Amino acid sequence: MTPGANVTALEPADVARRVAGEMMLRDLASALLGIRLEFVDDKQVTVSMAITERHLNGHGSCHGGLLFALADTAFALACNGSNQAAVAAAATIDFVSPGELGEVLNATATMRVQGKRLGVYDIEVTAADGRLVALFRGRSARLSRAVIEGLKP
Amino acid sequence: MTPGANVTALEPADVARRVAGEMMLRDLASALLGIRLEFVDDKQVTVSMAITERHLNGHGSCHGGLLFALADTAFALACNGSNQAAVAAAATIDFVSPGELGEVLNATATMRVQGKRLGVYDIEVTAADGRLVALFRGRSARLSRAVIEGLKP
Amino acid sequence: MTPGANVTALEPADVARRVAGEMMLRDLASALLGIRLEFVDDKQVTVSMAITERHLNGHGSCHGGLLFALADTAFALACNGSNQAAVAAAATIDFVSPGELGEVLNATATMRVQGKRLGVYDIEVTAADGRLVALFRGRSARLSRAVIEGLKP
Amino acid sequence: MTPGANVTALEPADVARRVAGEMMLRDLASALLGIRLEFVDDKQVTVSMAITERHLNGHGSCHGGLLFALADTAFALACNGSNQAAVAAAATIDFVSPGELGEVLNATATMRVQGKRLGVYDIEVTAADGRLVALFRGRSARLSRAVIEGLKP
């Protein structure tokens, strides 16, 4: 092997981590909601969000839009994880139980299908007590550019 | 008519306005995102959100979760509008075009079906230039309590 | 105008009718279910299905899968209507009221969004008494071929 | 134990089998499409459908409505499996790859959530070669009656 040839030869899990880190840095909306990166590899992504007063809706539980945003962030990191930029085309969410003030929620994304262009990802939102809070299914469409230019899988 | 009999006899549109006003006051999540109430009657609800830097995702356009949250707020106001408390059971969103920094988006909710318990509402998210940004369809389930106790339609 | 120049210059509504007629001829599944073409132009498509004994599910009302199939047929005719072949990528259906034995149901498809490749269409399934039976939203993806070779809009 | 006390004390898996058998007998729509019961217990249901000429749509592959109907049948058997009658309230389907003439497809339903009234079920449609054909997610609502009167879990 020629010297330096392997400098950018990253494992898929390393690429996913680099992309997720970079996307979270740029993602001011996730920062506003207090969304934190918990785990990334090329198979799965987990992010978390602590429910504070500012996350509550008019009924006193976590705003459904913010539960969606938590799941959507995990989805975005997962469908961009190979460094091919992708955007959400559509998503469905089922609200199973309310998120309550003071809870920390996790959203874990798993790839179900990834074709050349379209992908389908399942995201589960769970509470620390193991309770299922929401089920999210996202459909992604790839763009023809990288998330991080020059980063090669 | 006996004196005072009509004190609480509000029109459906008035009830919807009172409920929406009260729910927005309690809704800290919508306040965090800068969501504002634009129009309410018993047929339709419109809310708006200006896209600032803090609404942007890792690709530099409005975070899909916040587009969803905008639509979800309009949905919540519409499905609670008769003062019977209701929650979102499920929703689907199609992302049609990105929301850009500096734009003000509107989300308008219209009732499609409202049975004794389950409802279906359509929400359109549009930009000031008339562009369709997202299509949202929400399914609601009524609880057995009022939003505002003592308020009668 | 040179002689013959206008031979294939069809109006968009004519193209939609030619495509719909051709697709229905080829569509043995719709024939099996008794689905009939009722109306086509470039804005809207309506198909119908009479509910017979063979359409019933284990609860004695029209099988939800066949309600979906009726709506899906209208969707297919609408999203292929410009003669660019397209397939369903995803769909959501809300079942509003059961379809009963002896009823004739209509499904009417309307385009909501049609980009270069992806489209979103809304389909309503109604009964003859005006009752809403189901709401269907379909997402289509265009292929790079025509439905009818040589037919030009 | 008194004699005869245990006559109707069936295991949950037995109840699910009895209910599924009874529902398939009554389900003329599934019979029309050639849908067959392959496996049932209280955790999972699998049904199958062989794609014949009469299942094809205008593009020459299995009509999406019939793929949906196959998944919907598995969903119905799963959400009625405890003998409390339930109906589909809504469903989403993602079409992943076409079903081809001559293939036998399986649809397997798994319960994700079952509350007192609402449930969420995931159904996968796969081909004999292991290929994923469609992902279906159904939301059910229970009625206040049994599927088979007198059958006790």
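Note that the chains are named A, B, C and D in the order they appear, and that numbering of residues resets to 1 at the start of each chain.
We adopt the following convention: a residue touches a chain if its C-beta (ideal position, glycine included) is under 8 Å from a C-beta of that chain, and two chains touch if they have at least 3 such contacts.
Bear in mind that the values here come from a model prediction, so they are computed numbers and not experimental data.
J.: Farthest from chain C in C-alpha centre terms, which chain would that be?
T.: The most distant chain relative to chain C turns out to be A.
J.: For the pairs B-D and A-D, output the one whose chains share more C-beta pairs in contact.
T.: A-D
J.: Taking each chain's centre as the mean position of its Cα atoms, how many Å separate chain C from chain D?
T.: The mean C-alpha positions of chain C and chain D differ by 26 Å.
J.: Quick one: chain A and chain D, Cα centre-to-centre, how many Å?
T.: 31
J.: Could you grab the centroid distance between chain B and chain D? Build each centroid from C-alpha atoms only and quote it in angstrom.
T.: So the centre of chain B lies 35 Å away from the centre of chain D.
J.: Could you list which residues of chain C touch at least two other chains?
T.: In chain C, residues 89-90, 92, 94, 139 touch at least two other chains, as defined above.
J.: For a test of understanding, state which residues of chain C touch chain A in their complex under the given definition.
T.: Residue positions touching the partner: 89-90, 92, 118, 139, 141.
J.: Contact residues on chain A for chain D in the complex?
T.: My answer: residues 92, 94, 96, 112-113, 120, 132, 135, 137, 139.
J.: Within the complex, which stretch of chain D touches chain C?
T.: Contact set of chain D toward chain C: 22-33, 53-60, 62-66, 68-73, 76, 80, 85, 87-95, 98, 147.
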